[in-house]
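We just call them A, B, C, D and E in the order they show up, numbering each chain from 1.
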Amino acid sequence: MNGLAIDYATLLPALLPVAGLVLVLAVDLVNPRLRRVPYAIAGLAALGAAAAAVPGLALGGGSTRETFCLTGRDVAAGAAPTIDGVSQVCLWQADALGGTLQLAAAISALVCIALAWPATRRRRPADSTREPVEAVLLLAALAGTVVVAASRDVGTWLIALELATLPVIALVALSGRRSAVAGATQLLVTSLVSFALLVLGVALWFTATGSPFLTPDAALSSGGAFTAAPGGPSTVVFPSTSAGVVGLATVLVIAGVGFKLSLVPFHAWTPTAYAGSSVPIATFLATVSKVAALAALLVVLRAVAALGTPALLSIAVLASLSMTLGNVMALRQDDVVRLLAWSTVAQAGWVVLPLVSISALGVGASATYLLTYVVATLVAFAVVAVTLQDRPGDGRSIAAYEGLWQRHPWRAGALALALTSLAGLPPGVIGLVGKVTALRPVVAEGWVWLAVVAAVNAVIGVAVYLRWLRAVITAPDGESDGEPDIARARSGARSGRRRPAMVAGLVLASAVLVVVSVQPDLLLRLLG
Amino acid sequence: MALTLMLLLPLLAAIALIAIPGESTVERGIALGSTVVTAVLAVVVVSGRHEVDVPWIRSLGVRWHFGVDGVSAALVLLTALLTVAVVAHALSGPIPRGGTGSTFLGCVLLVEAGALATFMARDAILFFIAFEVVLVPMWVLVRRFGDDHVADETRADAAGRFVLFTVLGSTLMLVGILFLVHHQGTSDLAVLAERHGAGLSRPLQVAIAAMLLLGLGIKVPLWPLHTWLPSAHTIAPTAGSVLLAAVLLKMGTYGIVRLAVPTVPEGVARLSPVLALLGVVGILWGGLACLVERDLKRLIAYSSVAHMGFVALAIASGSETGLQAALFGNIAHGVVAALLFFVVGDLKEQWGSSDLHVARAALRDKAPRFGLALVVGLAAALGLPGLVSFWGEFLALYAAWSPAPDRPVALLRACVVLGAVGLALAAAYALRVARIVWAGEGSDAAVGAAAEPVADARGPRWAVVMVLVVVIVVLGVLPHLLLGLSDTATTGLLSGLGVSP
Amino acid sequence: MIHLSLPAALAALLAGLGVYGVLARRNAVLVLIGVELVLNAANLLLVTAGSRPGAPLSAGPVLTLFVITIAAAEITVALAIILVMFRRSGHIDLTAVPDLTDDTPEERADEADVADAPDADARDAAVAAPETGREAAAAAREATS
Amino acid sequence: MSWIVRMIVVLPALAALAGLLARRQRSLASVIAVAVSACVAVLGLVQWVAPSRTADITTIGSLPLGDLSVPLHLLSDRLSGLVAFVVALVVLGIQVFTAWYLRDDPRYGQFAATVSLFASGMLLLVQSGDLVLLLIGWEVMGWCSWLLIGHDSERPAARRAAYKAFLVTRVADIAMVVGIVALSVQARSTDLMAVLTASGDDTLLTVGLVGIIIGVAGKSGLVPFHDWLPDAMEGPTPASALIHAATMVAAGTYVIARLFSLYAEHDGARTLLAVLTAVTMVYAAMLALAQTDLKRMLAYSTLSQVAIMLSALAAAPAELGPGAGISQLIGHAFFKALLFLGAGWLSVLAGATALAALRGRLRPTGALRWSMGMGFAALAGVPPLIGFFTKDTVIDAALEGATAGGGLRAWLVVVALFVTVALTAAYCARAWLLLDTAVAASGELPEAAPAVVAEEHVAVVTTADSADDAEVERVHAHGHAAITLSAALVVSVLAALTLVGTLFLTTLRGGLHLGLVSSLLSLLLVAGAAYAVWSVSDRGRLDVADRIPVRVRESAVRGFGVDTAYVGIGRAVTAVARLVVVLDRDVVDAYPRATAVVARAAGRAGERGHRAVPSLSLLSLLAGVVLVAVLGVTAWR
Amino acid sequence: MTTRDLVFTAVGVVTALSALLSVTTKHVVHAALWLLVSLGSLAGAYLVLGQELVGLVQLLVYVGAIVVLVLFALMLTRAPIGPHAEIDTPWWQRVAGALLGAATTVLLGSLLLPLFSGATADLDTPTTTTPEVAQAVFGTWVWPFELLSVLLLVALIGAFAVSRLVLHREGAEDRRPVTAGAPAGERR
């Protein structure tokens, strides 16, 4: 018990959101009619988490920031003298990759909070709990994401993952539209079943390896770690079939996390939930949730990598299915949020694509692609949110974006950059680099067919995003001149002024996108 | 320094232009000024054989590595100078409907920047990235500024086809590049060329070469991957057509020469029969299609397919003469197609369509400048000796007749005969156009506005056209000017010595 | 002494039954039952593995306790949402095609920016939904059924 | 010397450029054209008589092409000097004549410039010591012929004739290009000397030589490529004179003469040439007899005469060299230029070129009558005019070839030559009789114009009369202007040259080579044929050709429907082209469209499958899990 | 076969059978009750396996809380009492469910049974006692334990907010005759 060394500075990225959460509740107790304060607290907490994650980025060469470590002495004193060979096992272990994902999650959450920023300063009625609850749930999900990226044991891993999921379900439901309930329901049942399978997978992992840790050593011990247990009266010999169990465990975990990543065939909730929830929540689903999912997946896969398993057919199948279905469906959407939802499905395929090579290369590539996706998607959603301000009626249809270039060139520029990044075309160089990165491990493992499927999907993807981009650059007929346009522009400007936080979120995300597009190395180097 | 400036100048100017809302005189100054300065820089860079090499994306091993050598020098010059022509041409007339002039010019400049970067990239992945840069601006040019006489769906179809075909090609090429880079451990083109395929097994070479050729073949375009070209050409505004034909298509053949031939020689050798056959089918296919095509711009597009077929045939020969012929043919087609598209684009602007079946007044006496330019362009298109295309095509035939030792001689010789038939087809369609447009076949039936002669070219547009005519003649009479540029470079590419700038 | 293959077999069986239960029920609450069965299969497996000698850090039982707690948290949220679903659509049938139309005017305004007006206002607007809104809703329902 | 040769090639080209720029000022244009032609003629004379005979002259340096050497040299020797001089001379005459003939034509400037460019092409071909340069000159001529024939582009027939001429020759050039490629591949060089001395692959040599023969057949109008040439009469008469007399049509002879040492060793190629020429010379001479139009008659006569030149190369023994063919080339250059220019002059006077309209119109014209008489006599081979010498040189060379083991090939040529001699004399006599016999001033004109106008597709029209139409139009437009002194002088000088031109040939090795027996025989044939015509035509009061059955004659006038065959080929190609377009649209383009359709259909299907039904998503989820688990476990190693 | 084996088998059979019934019965409420039985007997199984604490918690949390919640939910959603035909999904979906369930069982069984074949545990001298578990929870596992508390808190807040929000909304919806109050059967 006392063997646990707790380094609070290291834990700060996780503790700050939790602290913020508690603070929001406390403030709400004191003054329940505040509207903006909960968001302000949440924003600060997210900002703090981001800042706290920054020191973790400088880590190179496999060194980590860790805490909750079971030292050798502690293990010796404990009931299980089984992890003798291991110098140290920690419940929190963040390396550069984990730190980067934490940072990405924190920044994404910050943008989401900015987008959700309430428009009015008016005090809310006493019976409304919307603002503090939303802030609390956002922070909780962020905390879960941050923790899961650094977790190394199944307990923390499971709980953090659930912490990152459950609040989101509630958030979707809280969006309050009729379709939101449908989305929340679908999200709920899928997430429950996936979580059950996830737990089953974890149980299998524990059964096979005998270790509650998601470390390479644990994976390696699945050959029979308990044979030499000295203290036990009898010995349990684990036969070599446990390798199969590890395999099944891994696959179940992939499936369980695949739900969160929106991989086909675990994707069905995605369009419903995105379309049902409000834009900030959809943004959250599309960014922070994906970061959490991939972080969770990478924790497991990095452990499994030690087994030297070079490739996973199931990942290849999932990736190609996701890409294809997502793109084909996105091609038909006229609602931009649904389009982005299906695009998420397709991009999830790209995210797991490099994982066919469970190696440092594949893991890094996957994370890189995820980051490029997150940055671009954030910008796209932010533009959607801002546009929805201007055109509350039809802001979600592609047609609403016609002539955006004329009306709001900067916003249109940001959107164009985001869309081209998602499509993997310059000027969205980062998307292009992401595609290169994602394809590299595939090629390195010699998966020709998968590479060709990916290439074909790159094409369909371009078609998807260009459909939207076309509207952005096209001047609507009959609106090229005249009053309505100007009037709308003016009203847009007014509403823009009314929501500086939202614009700030857009600017923040766009700035990141521009910077990494000009110098992709900034992003790529984060992952070592 | 000059090199980086030359790459960044059009890029920055394009961004500035796109950011400028609406029409203003500033945009004209920016556009023209930046292209002219870029052209001057291009001359400096080419003559000084500049090179720049700094790290860019370290984690991918991609370097900001650009340079000029014999293979690319002519293309760099062509791109830079032709963009000046395009901008001058665009500024001296109305901007095509569909958007502001600044956006239009910005897109033109972006295309220039991308093309220059492509031709100068010395790193395989950098090449790919630069290759992609031109897509979106070109798409905008076609989609937004395209022919507004046709339905919106037609424009969408043309623009979409262009982008989707090209993206498919470039992504396949990327897969090929990644295979190559993975197995060779470097993406530096010079190193890859020096290795000359060493360390790659034959099946692997064939696979890589297949992916590279397929990907680049779409851009060339090789038959049967060409169907994007006619519609894109037809719809695109004059500037778009010119850039498409003169610059973008060249990226495909240049890519094959730069990327595939030196790095996976065995694979290319294995696939050269296919390449030659597709090239020849393209020659005949394009030539035949031109015989009955009604739309003038489409016709020129098909003739591009035929001409690029000669280039493909030359590359398939694998000999040094072949590469020289291919590079020469590249430039030749670039200049000739540019001239034809300038002329035809202007005509279409006045005619309102480019349908050959509409009876119109003859150009010969009523618009002698257009007439002269058109006739010279057509003469060049049919490969008239003394004009620029002759050398590329004749040398291509020669090269294919006596290919490198590891190529199938009999097949290539059959291809030569068929390719020569293509020369006759070229004559047939070129003269068909001349007969209808220049000499006025059926012009008696012209009624209404069509019977009115078109206003002749004047001012900058005439200057642009005239310069191209002069270039066509001069290069036709003095082919050394080009062949000398690429002479040592091709030797290097084929022998694996690498290309020293 | 106990043969551990017995609990393992039971776990496999329970997981299978849970999967069936998830798919065989259209009532959302009953689907939860299937989920609980799968979770319990996992728990049983954890306990079984943890009861082997040499299992470190009491991981088996501890993890089981964690999972049980998580399940409790889940079920809370789940039931809340199922209740919402019931109140919104009048049923908790998971095989029904949900009504995704949000396009009644007041809801559209609502969606655009819920926070734009005070919640009370929006609610008032919704409460005082004019006849048109009612008709639109009726039309929407007809379209779905 | 080098500079003279270079200038001979470059000056006309520059003149073409200058003429084009100065096309608006017609006097300036004509001064440029005539002056430069005169300069070139002088230079050609210098080159011919200059002491240093053989010279290898560099031009723009060799091309850097790896293993292929393309030195681009010019080659100046006795042969090229003579031919260049003759060409320059004829061109000068034509330029002078044109200045008068097209005096009112608004496109005179372009025409004169094109003639200059044409001359440049021919001279380049003559001077070239490199197959590539040869090809350049060859093709430049072809292109200029398109411009010249299509000069009156307002008339559909002219457009069509120009198109046809270029296309037919271009089709033949397919073989030419392949042949040149094959020859240069064999030598690894395009240099003429290297090609001639290269040894090696026999197949390549065969391909090369046969290819060049086919190419030559196209430009020289050998059967089956001959039909473009009569149609080319659509061009203004000076253009016809230029194309037919000394340049394009005869260029093939020069090309083969340059490569004669290769042909001499290659029986197969020469047999092909012999067969083609034999057939052509007889066939064309017979058709010439039946023509109703003076210019078309001359065109067929050109075909026949050019075939004679080539037959000399096909039959002459190796040791005799190509001299016989070249001498016929030179002789033909003089008398055919004379005849064409004379015909042009006459047509201006008479306002027509149809023989029926021209009957007896020659009689009242003094110098023209004498000139035309000499021209026809020379064409018929009456001594002491140049035609006699050149033709008998060819006959003797062929006979020598036949006796020296030329075999069937040479005998075929010899027989054909004798037949042609007789036929030539016959048609010359007929033409002379028709033109020179005064007719009773009765209304014989009307029905003389044969009703052969075939009003078909615009692309098919070919008539014997359309050339006549051109002339009629021209005269109507510009009136019967009196000829200028210089133009008349040109005709007279050419007439004189048919007499003294024989002296030119003395400098040519094998240029004059008469055998007594063969000369006598051909003289007899000439006299007999002329007498036969004279008697049959009732001393010129009737047209011999009218004795031919009408149907045969009509189709003969129309070239026995060869044109229809060309059109048929053209239609076949067009049909293939249409098929290609259909395939392009519906087959090749099917895959992208199919992809789009499939994607859309898949999207629709997917849309149906995604209606947010939770239980379905659960089903897909669990099915996916089991599938993935099975895959994962089985693939796990 | 030891005594524990026998006892476990018995408990296991009860667990499995009641689980089977809970997923197949046509009575909505019965399903919940059978689940109660199944989970309760599973608690027994834990006891047999020597994990008293887990067994007790299972009883407390699952049987005592979760199943009760489920029952409440069933009542709140006006679940019909008595057998009800529309409780199940269409037959093809059930068949698919059965297949997938069987596949799951087979897959797990085929991997786990060889793994555990012959493996025994001597539970008479328990290796993990309740104090040890407690020590582990508050020692080694304190970090996830704290997270778990956050999770529970958030879940409660979320559930609370969701139901509250809906209660508000319901006021608006109730006036619409079409959306609220119509039983599932009527709607279809």
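Everything below uses one rule, namely that contacts are C-beta pairs under 8 Å (C-beta built on N, C-alpha and C of every residue); 3 or more make two chains touch, one makes a residue touch a chain.
Quick caveat, the model's predicted, so the values are computed rather than measured.
Visitor: Could you work out how many touching-chain steps separate chain B from chain E at minimum?
Guide: Minimal hop count between chain B and chain E: 2.
Visitor: Among all other chains, pick the one whose mean CA position is farthest from the mean CA position of chain C.
Guide: The chain lying farthest from chain C is D.
Visitor: Among the chains, which one keeps its Cα centre farthest from the Cα centre of chain A?
Guide: Computed centres place D farthest from chain A.
Visitor: Report the chain closest to the protein's overall CA mean, measuring from each chain's own CA mean.
Guide: If one averages C-alpha positions chain by chain, the most central is B.
Visitor: Could you find the two chains linked by the most C-beta contact pairs?
Guide: The largest set of C-beta contacts joins the chains C-E.
Visitor: Please report how many Å separate the Cα centroid of chain A from that of chain E, as a whole number.
Guide: Spacing between the chain centres: roughly 29 Å.
Visitor: So how far apart, in whole Å, are chain B and chain C when each is placed at the average of its C-alpha atoms?
Guide: 59
Visitor: How many angstrom lie between the CA centroids of chain D and chain E, rounded to a whole number?
Guide: Roughly 98 Å separates the two chain centres.
Visitor: Nearest whole angstrom, what separates the Cα centre of chain A from the Cα centre of chain D?
Guide: For chain A versus chain D, the centre distance works out to 77 Å.
Visitor: Please set out, as single numbers or ranges, the residues of chain E touching at least two other chains.
Guide: Residues 89, 93, 96-97, 100, 103-104, 107-108, 111-112, 115, 119-122, 127-128, 132, 135-136, 140-141, 144, 148, 151, 155, 158-160, 162, 165, 168-169 of chain E each touch two or more of the other chains.
Visitor: Do you know which chain A residues sit against two or more other chains?
Guide: Expected reply: 70, 78-79, 130, 155, 158-159, 162, 166, 169-170, 173, 176, 182, 185-186, 189, 193, 197, 204, 207, 232-234, 236, 244, 248, 272, 463.
Visitor: Which parts of chain B, given as residue numbers and ranges, touch two or more other chains?
Guide: 164
Visitor: What are the touching chain pairs in this one?
Guide: A-B, A-C, A-D, A-E, B-D, C-D, C-E, D-E
Visitor: Which of the residues in chain D come into contact with chain A in the complex?
Guide: These residues of chain D touch chain A: 599-600, 602-604, 606-607, 610, 612, 614, 616-618, 620-625, 627-629, 631-633, 635-637.
Visitor: Considering the complex alone, what residue numbers of chain A touch chain B?
Guide: Interface residues on the chain A side: 364, 405-406, 409, 413, 420, 424-427, 429, 432-433, 435-437, 439-440, 443-444, 448, 451-452, 454-456, 458-459, 462-463, 466, 470, 473-475, 519-521, 524-525, 527-528.
Visitor: What residues of chain D sit close enough to touch chain B in their complex?
Guide: Contact set of chain D toward chain B: 60-61, 63-68, 106-107, 132, 135-136, 138-140, 143, 146, 150, 153-154, 156, 159, 162-163, 166-167, 170-171, 173-175, 177-178, 181-182, 184-185, 458, 573-574, 576-578, 580-581, 584, 588-589, 592.
Visitor: Residues of chain D touching chain E in their complex?
Guide: 615, 619, 622-623, 626, 629-630, 633
Visitor: Within their complex, state which residues of chain A touch chain E.
Guide: Touch list, chain A to chain E: 1, 3-4, 18, 21, 25, 68, 70, 78-79, 91-92, 127, 129-130, 133, 136-137, 140, 143-144, 147, 153, 155-156, 158-160, 162-163, 166-167, 169-171, 173-174, 176, 204, 207-208, 232-234, 236-239, 241-242, 244-245, 248.
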